[in-house]
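As written, the chain order gives the labels A, B, C and D, with residue 1 at the start of each chain.
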Amino acid sequence: MTIRVGILGAGGFTGQELIGIFARHAQVELVYITSSEYADKPLAAAFPQLAHPAFGNLKFSKHPQVIADAPKLDAVFLATPDDASLKWAPEFLGAGVKVIDISGAFRLSDAALFKEYYGLEQTAEDTLKKAVYGMTEIHRGAIQKAELIANPGCYPTAAALPLWIYRDLIDFSKPVIVDAKSGTSGAGGRKEKDGLGYSTVYENFRSYRTAKHQHAPEIAQELSRATGVKVNLRFTPHLLPMYRGILSSAYAFLKPGKNAADFAAAAEKVRNETFLRARENVDAVELKHVQHTNFCDYAHFLDENTGVVQIVSAIDNLMKGAAGQAVQNMNLMFGIPETTGVI
Amino acid sequence: MTIRVGILGAGGFTGQELIGIFARHAQVELVYITSSEYADKPLAAAFPQLAHPAFGNLKFSKHPQVIADAPKLDAVFLATPDDASLKWAPEFLGAGVKVIDISGAFRLSDAALFKEYYGLEQTAEDTLKKAVYGMTEIHRGAIQKAELIANPGCYPTAAALPLWIYRDLIDFSKPVIVDAKSGTSGAGGRKEKDGLGYSTVYENFRSYRTAKHQHAPEIAQELSRATGVKVNLRFTPHLLPMYRGILSSAYAFLKPGKNAADFAAAAEKVRNETFLRARENVDAVELKHVQHTNFCDYAHFLDENTGVVQIVSAIDNLMKGAAGQAVQNMNLMFGIPETTGVI
Amino acid sequence: MTIRVGILGAGGFTGQELIGIFARHAQVELVYITSSEYADKPLAAAFPQLAHPAFGNLKFSKHPQVIADAPKLDAVFLATPDDASLKWAPEFLGAGVKVIDISGAFRLSDAALFKEYYGLEQTAEDTLKKAVYGMTEIHRGAIQKAELIANPGCYPTAAALPLWIYRDLIDFSKPVIVDAKSGTSGAGGRKEKDGLGYSTVYENFRSYRTAKHQHAPEIAQELSRATGVKVNLRFTPHLLPMYRGILSSAYAFLKPGKNAADFAAAAEKVRNETFLRARENVDAVELKHVQHTNFCDYAHFLDENTGVVQIVSAIDNLMKGAAGQAVQNMNLMFGIPETTGVI
Amino acid sequence: MTIRVGILGAGGFTGQELIGIFARHAQVELVYITSSEYADKPLAAAFPQLAHPAFGNLKFSKHPQVIADAPKLDAVFLATPDDASLKWAPEFLGAGVKVIDISGAFRLSDAALFKEYYGLEQTAEDTLKKAVYGMTEIHRGAIQKAELIANPGCYPTAAALPLWIYRDLIDFSKPVIVDAKSGTSGAGGRKEKDGLGYSTVYENFRSYRTAKHQHAPEIAQELSRATGVKVNLRFTPHLLPMYRGILSSAYAFLKPGKNAADFAAAAEKVRNETFLRARENVDAVELKHVQHTNFCDYAHFLDENTGVVQIVSAIDNLMKGAAGQAVQNMNLMFGIPETTGVI
């Protein structure tokens, strides 16, 4: 089988990563990429490192005005702003095209929360109902049958996956604290802008959007869904002076009666998950080990003195945190091996 | 007044910082610096950036064998390994020299804890009794009368100072979590060694010594002293891919009945402290703002949803976290203005 | 003597550096700083690291509309765009204020070259005649009597100073090649803009403006002035993934009959220059040794095989390459010790 | 065809890169990797990022004592020190195994030069005669028939390839100057050691081994071979504060009568070379464009004012500068498509 794929908004970091994955993906033919900035220009205009016939001779198209502007596709990846995804997801679904949306448009099932955190009305409520949240290891069954994937945010992937693994060992009636640190490719786009200039980021470190970050309700929603209780989350992202990767340090409280053996058993349950990789201890969870891969490395530390369980995880924000997980999901939707192109 | 000063172990990062401060300090004459590696060589052999007559023509001496090897001093800074400080602090005190010890030898008042965390016997118990813990803003009165200062560790300074400011607003019966991030100059010495090579640190991030770091009991001791209750601390240091600065993120629980106004009042109480600098919010606490200064920037975020109080602080680990605070303390011991040479 | 000083355009990197120097300068009172972006705001609005009463309570003023808007000054530093300097240098000179211009407005004595490289008409020809080129070690005598200094560019300072030291040993009838590498603070301003975003600079290296950089004619002019022959220069600047410093590698040809002893003699001649610092060989010329200082480190390598003389130098682009040299020049203009505030 | 491959000394940067390439190479089976440090340990002990069954379950063997210790191989890559290669290349050749030597043992055809620059006797003179220098695009014919490849150094690849392209346009009777800049992965190995600690490299830049670097005679030899004249080279390598890539800036003199059209024609001649990629101008030759690829990007600038031809090139030192080119050569030796596994 060959899957005919398009990418809307292909001129950014995620677009570049998807294009790189598809070059190694035996069953994908990339036939359509759009960009307002690079319209009518070859791939190499946006990504000079891809200046070679081996990367094909695809050109960027303008963004479509109407769905008929797009060629016949089997799947489309929306690497577009939230409002553009609200518009295009229903259109492509209507044309029988499977949609993997990488924006935040369909991640929050509560329209009021969406309004609060994204500043947008949820104008596609019917489409929202069809959306499956694409945290692959958690929702694999639903993803296989889905027509529309809400691909998870980078911080939610890093934070929620390992907390889900240990979900039965944590007392979710108490607060969960996530102190997360990201390289710049996760914190912003390709364009230079306030806060991401070299002289601002280099030899510096700080938190941002501590009071209100749109990934906080997404993490809470996923943990609440997994546990059946409303999870109270304190989430703080930070900007690392580097490029690639997210390290998430979660601090939670041990459920009474649980112990080290229970943690080993929980990790054992996901032993066959290709992309979940248990490390021997939290200090061995390093960004260097996951860069340019689709792995989520994780480990825990159980502090008997305080009852705090520390769960540390690392991902490449552009792979498992965006493009890599999106392709995992696409593979499942089309019934081909989940790891194709991403290992 | 001119204070005749010596530095034992002056060839490292802290020695360099002290030498830089003394060059600007109107009342210090630096007369004695020792180093095994640079013995008999000029200052510029260790610090080529200081190759100029303006920086004096001091040479490194060998480490003393006996106290008589040292010239007559008013004060000595011990930038030596812990065991060397155990030996030399009593000797210099015996010779009537005021001692500022920058090692960990006299920080922990409990010899058993010292053994556990430093792997050394506390062989100078009598001297230990004379040691005043040099967290300047907290112990100013005792420091003024002290003959021996146990200069605080870099992480303890960053973490404990702002928690002390807000000590009446935190429920210390619950765990306190400190997630701290340091540049490489705080995490290791001048020598290349395992874990601090360029290819290991660059474009990487991870925790280290999560299970057991010698600064954990030091922070807990200081908080317990300030609050009268045994503080349960979960402390995790991380290594940033940069050089200078520590950001400490403390997560604690609000004491029932306390509110935003109480935080404002607590900050107001220390308004006149030169080196404590309140920022408008936690995201405005940045390493770039404190580098090459003796300031401790801090702010808090009160999350009403979880009851978590987040207290973020930033220092330059070589200044307020080591040499700068050491000179603050020396100034107090000699009755000269506390800020001399460090602002 | 107290010199009343103003800075026009004080909100950028050079302004920050000047303000830092004046805080340590015993004979300067900084009374006037202007900025369009920070008008009516305190110093700390632009430079949060300076948020402290110790740094004074100076506020930014609007840029002046007419000269009467400025207070009475003894000296003004123009850290303004070239066209603003063309306007304000004559105005301040007319009001009896000594001017140190840090822009490129008065560096090139040939108005046609100025037009070609700066894209501006030289509208202040009479003022241009009064300008003394402020390469301090070369033009000290003229600087002492000057009313207007054209402060040198950062690359010209790095490249021309050591070539001037060895000027009698180089065959200037043959081309001189300068391959220069700069940190980002020398290559651009404070604002994020194309080419200086974190993701563009980090883990990258390249040349820029190889075909035409405005510092090329400035270097050639200074070398031609020193040697009496028209120097043919090939100048290529590069952007380093770091912040502070310029390393200039000049490749020239040995004048027939000259040898190693002549190089030693030439270096000996400038031995008393405070800020020229000979290193033992070119590999010992490092950016780390000059950062945050006003030194120009230099060394040469004479390759007998090819007849190529390699002259390597390093400066801090914000100090000796901008603010530091500007203050050296101001000191000379007011007859106070040249090193005041900059060592 | 499946090529059974071994790597001696597989625990370093080049070993890691080779293993990564072979994971994508359809016709290679990697059966033997040796390491003294990691003997008897799995791949992931040396390279934690490769901790996954997908990367096979190969273990490191001890280095062989005698050739019989090694399994039956079709090809062996020697990522060993020079003296180990001198020993093992003849042994493997004698056993009928094709050898790609990544050390410097067989690069210099002149044993006296080898002694001078490597400090070793050339003890394998007969083997040396069989060695083909593996600059693929230049020696493709000989490589196809070779039993032993001396794989080029990283700087020689970066510098010599584009100079070879333009060899007829340069006056090689005059000196050629190469000012080269490398990330740390090219300048040293995996181990922390003097000069490659984080605090030494970060926020720093300098040259090293200016007077004598072992890649200088290798570049000169290759250019002399290509032109028939003894090329006089001035070569200076520098260490960039980053990880991956080499930028080589060559300055040479135009051959009389040559012009811009001749440069276009020379580039046109190599248009079909997959890995030689002409850029529109020298400022567009960036390390970011070649990282993690086997491309050599290049461009020239012809300065009519000085007669200097500036030839700039960029490679990934671990790919085209080491492992990538080695695999290109192996592919040719076994008659399979040259780009297999490296594009």
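Simple rule for what comes next: contacts are C-beta pairs under 8 Å (C-beta built on N, C-alpha and C of every residue); 3 or more make two chains touch, one makes a residue touch a chain.
These numbers come from a predicted model, not from an experiment.
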Any chain that touches chain B and chain A: C, D
Of all other chains, the one whose Cα centre sits farthest from chain A: C
Chain centre separation in whole Å, for chain D relative to chain B (CA means): 47
Whole-Å separation of chain centres (CA-atom averages), chain C against chain D: 40
Length of the line joining the C-alpha centres of chain A and chain D, rounded to whole Å: 37
Sites on chain A at which at least two other chains make contact: 200, 202-203, 242-243, 284, 286, 288, 291
In the complex, chain A residues that touch chain D: 24, 48-49, 51-52, 54, 203, 274, 277, 284, 286, 288-293, 295, 339, 343
Contact set on chain A toward chain C in their complex: 13, 184-185, 190-203, 242-243
Residues on chain D engaged by chain C in the complex (per definition of touch): 175, 177, 179, 181, 183, 200, 202-211, 232-234, 236, 238, 240-245, 247, 249, 251, 281-288, 291, 301, 303, 305-308, 310, 312, 314
